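Written below as structure tokens is the structure these notes are about.
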Amino acid sequence: MYDFSKMTGAIHEWLSSLMPSILVTTIEWVLIGVVFLALFAILGLVLVILERKIAGFFQFRLGPNRVGPYGMFQTVADTVKLLLKELVSTNKVDKFLYNVAPFFVIIAPLMIMAVIPYGFGLTAYDINVGLLFVMAVSSIGVVGILLAGWSSNNKYSLIGAMRSGAVIISYELSMGLSALLAIVLLAGSLNLNDIVMSQQAGWWLFRGHIPAIIAFVIYIITGTAETNRVPFDLTEAESELGAGYHAEYSGIKFAFFFLSEFVNMFIISALAVTIFLGGWLPFHIPGWEGFNNSMNYIPGPVWFFLKTGVIIFLLMWFRWTFPRLRIDQILTLEWKYLLPISLLNLVLMAFVVMMGWVF
Amino acid sequence: MTTTDVNTNLKTQEYLINMGPQHPAAHGVLRLILTVDGEIIHKVDPDLGYIHRSIEKMCERDTYKQIVHLTDRLDYLSSHINNEAVCLAVENALGIEVPDRVKYIRTIMAELTRLASHQLWWGVMGMDIGALTAFMYAFRDREMINDIMEETVGARLTMNYNIPGGLMFDIHPGFQKKVKDFIKHFRKALPEYNTLLSDNIIFKKRLQGIGYISKEDAIAYGVSGPSARGSGISCDVRKIHPYSAYDKVEFNEILIEGGDSYDRYMVRMKEMEESMNIIDQLIDNIPEGDFQVKTPALIKLPKGEYYQKVETARGELGVFIISDGKKSPYRFKFRSPGFSNLSILDKISRGHKIADLVAIMSSLDFVIPDIDR
Amino acid sequence: MTRTELQSFLTSKVEGLEFGEETTQYLTVTVPREKLRDFMFLLKDTEELAFDYMFSLTAVDWFPKYLGVVYHLESTKYRHILVVHVNTGNREDDISVDTVSDIYPTAHFHEREAYDLMGIVFEGHSDLRRLFLTDDWVGHPLRKDYVDEANMIVK
Amino acid sequence: MNAIINYFSEVLNGGISLLKGMGITGKHFVRSPKEIITQQYPENKDTLVFGERFRAQLFMEHNDENQIRCDACQTCETVCPNGSIEVVWHREADPETGKKKKVLDKYVYHLSMCTFCNLCVLACPTEAIKMNQEFETAVYDRSELTKVLNKPGSKFSQDFVDKSLEK
């Protein structure tokens, strides 16, 4: 396994030899910022085209096929269009909140991206409360949605925003408290890198058997709800509210909401991979030494993005199959089904860990 | 402080929402003024007329042969059946008996139209509930019907295939084979529809118990078609007052007693099977003969009143003609199914949520030009 | 009930009914304006008649005499059909007819339509507003003497 | 106890129904390369097939000698519900018989008002007008939608009519 911290350490030493430490820190910050912004933009572009292509195939269509080979540059063209568009808003909006809301929704996923381990030693901000940090920061996004809905001065937007608030507040509960905590019990750490390293003997999804699988299913459901995607997309509910909370946004401000939805999807998938599917660790089958060795040659980041892609595909599959739930049904699902089951699952998991039944 | 005081203090403010005229769930330009408390609907006030073209007034100006093509634009999804209604009314008034061949072809065409309409409804219903893929599946199958129509009739949607006294042309030589191919394909596709949506737990939960219409209400409000049959009312004009070749075929009138949106949904799903059965019985037995009877170039109906009922995909369409013996009718009234079905919307959607209103509206299957005329 | 039975039954119950000619498609009866509501109650509530389904309500302009309303009634139990005509006094100022929207709720919408397009005033209707046209529209388009030079193409 | 069993069986059955739905979409996703129904419109223009009866817009048939079958009888004009046909004509003495006959000047067709009901084609006694398959009717200016169907200098020919009616 290649340790990426060697590479980053070398860069740090080289910079330190050239200039004072305060300048080094500044340059490193800027570098990391640029890298993450680039990653953010690329993810947005790739995921949007992926979604549209996959949607096309689910519906016997071709998807975008005009711009570039197989329509691969469609999202680039769309981005340029959105950047060039006039920013239209009604004059009844609450100007300050209206303008600040898109940044809230974009900041939350950016901050979470900092703590995710993309490879061995490839984490921007390796803190020991990583999981807690993720849970805390991901709640910021909903503030942006609420602000957008409120400040738009549009009843449809407001309804969408309020729905979003209700959903996210309740689903964070079973997501954080139970689904993720179940794995923390196994791994014994909140640090995402440690959680990954603890899965070297096998992914938690398999090693934790039944309780881990239940936790994984609950996590995927809550994750879909957190990202406001079908079947939980009632915040923008096309057929009911038009576009919900971002109905009054246009141009690049709308693009921010649009992008953040897709990057949120990436983050939910990335967390699922980190916690349940062994992060950047290669796929191993116990006993098959030759196979395992050859798997080791594929670098960690590739494994990470590959696994994330699988989960993202699963989320897209949901989106293009299921109808939408109603607001009270969503809350019923959370409070009457997911929360009791996941609490029960937590007890079960604690029991499993106590008895040492982990493989 | 008494409990009543607490309640009055907690009273929240009602507000108005304009749903439409441009709204994805309005299926056209229908404007609903909703009085809402939070998400709970207290009152629905439909505001119509955004695409009112005054077809009834135009009919008073046109000759009977010209009127037929206007009815394409009433309920554009059952345009063939609308044409048929006018033609039947005129033929009955003149005492013309059309050949059996015409009756058979008209019936097959009407059932194909009904299938196409129900397919579109199914796709749009899925889309209203949030399942976007259903729409494309429905359109794949509907496209085949449209192709059949294009080949025989010459138009895909506004067909204008009937003329008083028969049909505009004979069927295309490839018609029977194409229809059979379609039926074969659709018999396989319909179970897929059911697995994708009808059995889906989310879909069921969204529709069951929503928008309940009691038997009495349905009759009193004049609800007809699949929407009424979902409340267990036998109201199929094809059974009660048979026209064209409906007295020659065996088919079941689908009746479900429940009365909620899911029952209305299931009635339509099962009606598609019945439509296929009807086509199966007729398609191989189209008798030889003329495809039209000679009518005078300028039809003049004898003085009097004529009423003709037919069953469109949405319910009972009535054509009421008052003639004063001239070349144009004195008064031409369409009793459109959507108009009466809409009148019950306020009653059944009170107390439900906005999302439910969307579901109720698609379960009643509105086509706005049919309401606005 | 057959057509003749229906006719004799109704004549025995209500006075002042005018029946249409034998040749009409359905049994047609013209009711005096003031008896309309009683007549409708009779049709709906009498066990032997049970006209519970009003499938059409049409407003007609019998130019130049008076305006009229035509009700098409059907019994979902016996499947017999009756056409009821009622006429207003004239076309200018005496244009009101009693509402039947409380007897047949479907008439609620149909009467609003008739008021909108033909200008018949339904006495006792709970919410008689224009349905299709805007509130400030002048005139009633379905009347025979309605003139709109801008939008109507007369052949 | 029953309630608990019901609770879990509901969760299970619900989950299974969802998975079945995913099975349907998944099946089509795997098969999709064969099933794609998208038509690549401008590219497949040459291979587009229409029903022979497809009604796109009205046209008037001319033969090689610039002859037409329209004798300006105006049946189509009266039969059209929307007034989309205007026949402009004048009377002219026939050079052979000396009788005064109608001669077509301009056959004006307002595509913008046409509803493609086909009544004019059915009514035409000489089969002079027909519906063609040119469905691309978008134009930049509304005035382009008013078309003159007969070519300049075209003449009515009885032979042409007889020939086509024979078929």
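Per-chain residue numbering starts at 1, and chain names A, B, C and D are given in the order in which the chains are listed.
As a working rule, contacts are C-beta pairs under 8 Å (C-beta built on N, C-alpha and C of every residue); 3 or more make two chains touch, one makes a residue touch a chain.
All values derive from a computational prediction rather than experimental measurement.
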Most central chain, judged by mean C-alpha position against the global CA mean: B
Taking each chain's C-alpha mean as its centre, the one farthest from chain C: A
Whole-Å gap separating chain B and chain C, where each centre is the average of the chain's CA atoms: 25
Gap in Å, rounded to a whole number, between the CA centres of chain C and chain A: 64
Between chain D and chain C, distance of the C-alpha-averaged centres to the nearest whole Å: 41
Residue list for chain A, restricted to those that touch at least two other chains: 58-61, 320-322
Per-residue multi-chain contacts in chain C, two or more chains: 153, 155
Sequence positions of chain D contacting 2 or more other chains: 18, 21, 24-25, 28, 37
Parts of chain B lying in touch with chain C, wherever the complex brings them together: 48-49, 52, 54, 56-57, 61, 92, 217, 219-222, 224, 233-235, 240, 304-307, 309, 316, 318, 320, 322, 330-331, 333, 335, 339-340, 342-344, 372
In the complex, chain B residues that touch chain A: 15, 17, 23-25, 39, 126-133, 136-137, 140, 196-197, 200, 202-203, 205-206, 353-356, 358
In the complex with chain B, residue positions of chain C that touch it: 20-21, 23-26, 28, 52-56, 58, 60-61, 70, 72, 76, 79, 83, 104-106, 108-110, 113, 117, 131-134, 141-142, 152-155
Residue numbers on chain D that touch chain A, as the complex places them: 11, 18, 21-22, 24-26, 28-29, 32, 35-38, 40
Of all residues in chain A, those that touch chain B in their complex: 55, 58-61, 155-156, 159, 230-231, 233-234, 237-242, 319-329
